[in-house]
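Next come the structures, one after another.
The same chain A turns up in both complexes below, where it pairs with chain B and then with chain C.
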Partner chain A sequence: MDRLLRVLYGVLIGATLIYVTLPSLVVVVTAFSDKALLMFPPTGFSLKWFERAWTYDDFRKGMVNGLIITAWASCIALAVGTMAAFVIERFEFTGKRTLEAVLLSPLVIPHFTLGIAMLILASEISLSRTFSLVVACHVILVLPFVMRSVYVSLKNIDPALERAAASLGASPFRVFMKIDLPLLAPGLAGGWLFAAILSFNEFTATLFVTGQRTQTLPVAMYTYVREYADPTMAALSSMLIAVTVLFLVAANRWLGLERILSIEARH
Partner chain B sequence: MMTDTISVSVEGAVKSFGGTPAVDGVSLKIRKGEFLTLLGPSGCGKTTLLNLIAGFLEPERGEIFIDGEAVTHVPPYRRSIGMVFQSYALFPHMTVAENVAFGLKMHKVPASEIGPRVAEALEMVRLPQMGPRTPRQLSGGQQQRVALARALVIKPSVILLDEPFSAIDKNLRADMQVELKRIQKRIGITTLFVTHDQSEALSLSDRIAVMSHGKIEQLSGPAELYRNPASSFVASFIGDINRMPCTVIGIEAGEVVLKANEHVLRLPKEHGAVDVLAAGSAALLFARPEELALVPAQGVEANLGEGVVDTHVYQGTHVDVYVRFGDGRAVRVRHPGFEALERFPAGTAVGVHANLAQAFVFPEK
Partner chain C sequence: MQDRRPAYFAWFILPSVFLAVALVASLASLFQYSFREYIPGSIKVGDFTLANFGRMGSWVYLRVFIDSLLLSACTAAANLILGYPLAYSLVRSKSSLLKSTILITTIVPMFTGDIVRTYSWLVVLGKNGFINGTLKAAGIIDTPLELLYTPLGVTVALVQYSLPVMVIILAAAISHIDVAYEKAAASLGAGPLRVFWNVTLPLTMPGILSGTVTIFAWTLSAFATPQLVGGGKVNMISNMVYQLGFSNFDFPFAAVLSMAALALIFAILGLMSLGMRRLERVGLH
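After this line comes the complex of A and B, so read on.
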C-alpha cells in the first residue's frame, strides 16, 4: 500500500512536470523544423527559422523598443514602488489603505481595461502612440509587483534597527540610506527583475497603447502570427525561453529564486 | 548618589494610544550617574515612557528634559541618548567594528579617532578580538555586549535599555547583569533600564520605579521597595507574599488594629495605606513567607490562627510549607534549610505566627 502510494506520488509529480514543460519543449523542437508549417514532430532539421527570426526587421525593432520601454518602466516602478511601499509600511496617515489599494489594483483589473483607459486618456492629451504612454502604462502594471517585493523585504527588517541608528545620531534620510537600503537591496533587485520580465512580456495592454513606431516584441509577434504560420515564431520563442532561463538561473544564484517568487505567493 | 544633578527629567508626561492612556501623567527625575529601573508587568507603560525619553514618541502633554535642556519635541537623533534593545538590533550588513563606529561617524568624529575609540569600547565589554566578525557569528550575549559598546561609545548623557536581557539564555543572564553593573559603575553613566523581571530590577538598580496602568506606583530603592511597599500592587508584584482578607477595627495609639482569621492583630501604623482605612472596612493583610513561622497549634504565638500542613515545596536553600486554614485559604510559610520537611509532615496541625512588624495592610480594591 505504502509502495503503491509512493509510485502514484512519483507519477503525479512526473505528470505535473511534463504538463508544465511540454509546451516549451514542443515549441523548441518545432523551431528546428525544415518545413514552413507549424507541425509536431518535425520531419527534418534546419536552423533557417532562427535566422529569419533574428533578421526579421519588425522583431529587431520590437526587441529594441521593448528593451527601452522595459528599462524605463522597471526603473521608474522600482523607484516609485519602493518609496510607496516604504511610506505605507512604516508610517501612519489618513488614506493609507486607499492609497495601497489603488496602487495594488492593477493586479485585479484586466489589462485590456487599463490599455483602453490609457489609450483614451492619452488621446485626450495628444500623447497617443508615444513611448512615454507605453512606459506609463507599464509602470502602472508592474508597480504592484515591485511594492510587494519591497514589502516582504521591509517586513524582514527589525524596526529596532532603524531606532538604533536614530539613537546613534542618524537622521531619517541617513537611516534609510545606511540601514534600510542596504538591507532592502536583494528585495529591490528581485522586484526589479520581476518588473522587467513582466514589462517585457506584457501584451494585452501594450497592444492598445503601442503604434507602428513603438510596438514591442510581443505585439510584433502577434502581428506576424496574423500573417504567417511558419516556425519563425517557434524559433523566436525558443530564443526568449533560453534568455529567460539564463536570467532566472543567474537570479537564483545571486538572489534566491524563492525570494523573487514569494512576491507571487504573498497575500 | 554622589551628586544630585538631574540628568533626565520627565514632567507630567501623558501619552495615549487610541484613547487609552499608556503613560498617564508621569513625573520622574533621574539623577546623574544613577541606575534607575522602570519595573512593571507588560502594558504598564514602561516601554512607552522609555520611548518618550528616547524621542520615538511625543507626549500629548508634559515636558522632557535631558541635561536641563527641553527635548520634548526634539527628534531622537538630536538627543544625547544611547539605546540597547531586546533584539540586540545590530546592523547585520556591518561588522562588529562598523556597528560600533556607526554612531561616531554619524556624530562626525574625525576618522583618526574612530579606530582607537572603537577598540576601547570593545575592550570595555571584553570583546577586543571581535571587531572583524559579523553579528551573526556572535552568541546572543556577545551581540548584546557589542550593542552596549555601540551605545556607550558615543558618550551619551543617558543610556536607555529596553528589556536587554530578556532574549538571553537564562544561565548567561546573571553574568550579563554583573557585567552591565560593572561597566555602569565604572564609567558612571546615567542608566534607565526597563524590565518586567523584578529580581533583575532588585539586583541592578539604585532606584526602582514600579509602574502600573501608566502611573508610577512607587519610586524608591530596592530594599525600601521590598520592605515597605507603598501599595498592594507593589507588595504583590515585588517578591513572594501572602494576602489575607481582614477587617479594620480601628486605629489607636500609633497602631492599626484589625481582625484576620478570627484573631485580633496590631500593626505599626506606617505599614501600608492606613490613612485611607475606615473602621469596619474590608482590607488585605500582606505578609512575606519569610516573615511567617510555624508554631505549636493553640499556642499564644499563633497570631494568624491554626491550620493543617498541606504541601511542601523544597527550594534548596529553604522549604515553602503551605498551611491550609479551616476556611480553605492557604498561606505560604518559608523555613530555611530542609528541617521543615521532617518536622512538619503533611497533615500536621500547626499554628501560624506572623512578624507583624513586617506585615502591611492595604484597602481591598
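After this line comes the complex of A and C, so read on.
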C-alpha cells in the first residue's frame, strides 16, 4: 500500500512536470522544421526560421521599442517605487493607507481593464498613443512589485543604524543616502530586474495602449500569429525560452530562487 | 525621525501621488464612459445614458460571464490537484536535484511571457500539432481531435499558465508548518495518507484557500490564452471587451464589461479575506 502510494505520487509529479514543460520542448523542435506549415512530427531540418525571425522587420522594431519602453518603465518604477515605499514605511501622514492601496491595486485589477481605462483616459485628454502613454501604463503595472521588494528589504534594516547616523549629526536626507540606500541596494536590484522582465513581457494592457508605431515585441508576435502559421514564431519563441532558462538557472545558482520567492523550508 | 518630516518628504511622495492620481483618473474615465451613448461606427461617444447597463442582461454577455466563471473554477481546481504535490516535494524533498528541477520547470513559463506560452499551446493542440501528429503517427486516430478552440484546450493552457503562482503560494504555506507535527503523527502510527489528511492538509488550509481564490481571480482576468487558444469560439470577459472596443469601437459597453469584471474580482477577493479571518478564528492557522 505504501509503495503503491509512493509510485502514484511520483507518477503524478512526473506527469505534471512533463505537462508544464512539453509546450516549450515542442516549440523548440518545431522551430527547426523545414516546412512552412506547422506539422508534427517535423520531416526535415532547417535553420531558416531562425534567420527569418532574426531579420523580420516587425520583430526587430518590436524588440527595440520593447527595450526602450522597458528601460524607461523599470527605471522610473524603481525610483518612484523606492521613494514611495520608503516614505510609506517610515512616516505617518494623512491618506497614507489610501495611497498605498491605490499604488498596489494593479496587482488585482485585470490588465485589460487597466489597458482600456488608460486608453480612454488618453483619448479624453487628447493624448495620442505615444511612447509616454505605454511607459506610464507599464510603470503603473510594475510599481507594486518594486514596492514589495523595497518593503521586504526595509524590514531587514535595523532602525538603530539610522538613529546612530542621525545622532552623529547627519541630516535625514544624508541618512537616507548613506545608510538606507546602500543597505537597500540588493533588494532594489531584485525589484528592478523583476519589473524589467514583467514590462518586457507585458502583453494585455500593452495591446490596448500601443499603436502601429509603438508596438512592443509581444504585440508584434501576437499580430504575426494571427496572420501567419509558419514556424518563425517557434524560432523566436525558442530563442526567448533559451534566454529565460539560462537566466533562471543562473539566478537559482547565485541568488537562490527559493529565497527570492520566500519558499524556503523551516527545519 | 519618525514624526519629524524631513525636507525631502514632499519630493519623495509627489511622483507616486501623481501616478496614483493617473490610475484613479483612468478608472474614473472608464466609469464615466460606461454611461455614455454608443454611436455605431464612430469612436466618439454621445450623451449620458443608462442604456449600456441594460445590455448586460442579454444572454450573449451573460453567457460570456458564466463561461468565464466556469473556466476559472475548473482552472483553480486543477491547479490545486496538480500544484499541491509539486509544492510539497519542492519544500520537503531531500533531493536538491528534484527541488531545483521542480522550481525551474514550474517557474520558466511564468517568465517567458503570455505570447510565447500561448503560442506553444497552439503548436501542441493544433490540427497538425504535437498531440494530433503523435496520435496519428501511432495509428490511434485517423481524423484529428478538436482540441484548439474548445473549452478543454483553453483550460489545459490556462492551468499551465497559472500553475507557477499556485505552487509558489502552496509552497510558502507548506514551508510554514513544522515538520515535527508530521513526524509526531507518523511516530504514533498514522500512515502517510492519514498524516496528510489529518495533519498536513488542515494546517495548509489558509494557503489552499488563498491559492485557489487567487488563481480563480487571476484566470478571470486572463486575455492572451482565451484569445489565441479560444480563437473566438471560447470567449472570456477580456476577449469580449477587446472585440467590442477594437472591432465595433463600442467603448461604452466595453467599459461596462470591464467595470463588471473589476467588481466581480474585488467581490471574490473580499469574500476570501472574510474566509481567511474565519479560518484564523477557528484556530487552524
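Keep in mind that, in the parts below, the second predicted complex is superposed on the first by the 224 of 267 C-alpha atoms of A that agree within 3 Å, B and C clash if a C-alpha of one lies under 4 Å from a C-alpha of the other, contacts with A are read in each partner's own complex, and residues count from 1 in each chain.
Going forward, a residue touches a chain if its C-beta (ideal position, glycine included) is under 8 Å from a C-beta of that chain, and two chains touch if they have at least 3 such contacts.
Only a predicted model underlies this, so the values are computations on that prediction, with no experimental measurement involved.
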- Message: By the touch definition at the top of the document, which applies to A:Cys75: first (chain B), second (chain C), both, or neither?
- Response: neither
- Considering only the touch criterion stated at the top, classify A:Arg163 as touching first (chain B), second (chain C), both, or neither. both
- Who does A:Leu183 touch here: chain B (first), chain C (second), both, or neither? first
- Comparing chain B and chain C in the superposed model, the one touching more of chain A is C
- After superposition on the shared chain, which partner residues are touched by A:Tyr222: those of chain B (first), chain C (second), both, or neither? second
- Can A:Ser171 be said to touch chain B (first), chain C (second), both, or neither? both
- Can you pull the chain A residues that chain B and chain C both touch? 163, 166, 171-172
- Note on the structure: Per the touch rule above, chain A residues touching chain C in the complex are 1-2, 5, 9, 12-13, 16-17, 19-24, 26-27, 30, 37-41, 79-81, 83-84, 86-87, 90-93, 99, 102-103, 105-106, 108-114, 116-121, 123-124, 136, 139-140, 143, 162-163, 166, 171-173, 175-176, 197, 200-201, 203-204, 207-208, 218, 221-222, 225, 233-234, 237, 240-241, 244-245, 247-249, 252, 257-258, 261-267
- Query: How about chain B: which of its residues touch chain A in the complex?
  - Reply: 54-56, 75-79, 81-83, 85-87, 89-93, 102-103, 106-107, 147, 150-151, 154, 160
- Message: Residue numbers of chain A touching chain B in their complex, please.
- Response: 158, 160-161, 163-172, 174, 178-179, 182-183
- Task: Using the touch rule from the top, collect the residues of chain C that touch chain A in their complex.
- Result: 1-9, 11-13, 15-17, 19-20, 22-27, 29-30, 33, 43, 82, 85-86, 89-92, 99-109, 111-117, 119-124, 126, 128-130, 132-134, 137, 160, 163, 168, 171-172, 174-176, 178-179, 191-193, 217, 220-221, 223-224, 228, 237-238, 241-242, 245, 251, 254-255, 258-259, 261-262, 265-266, 269
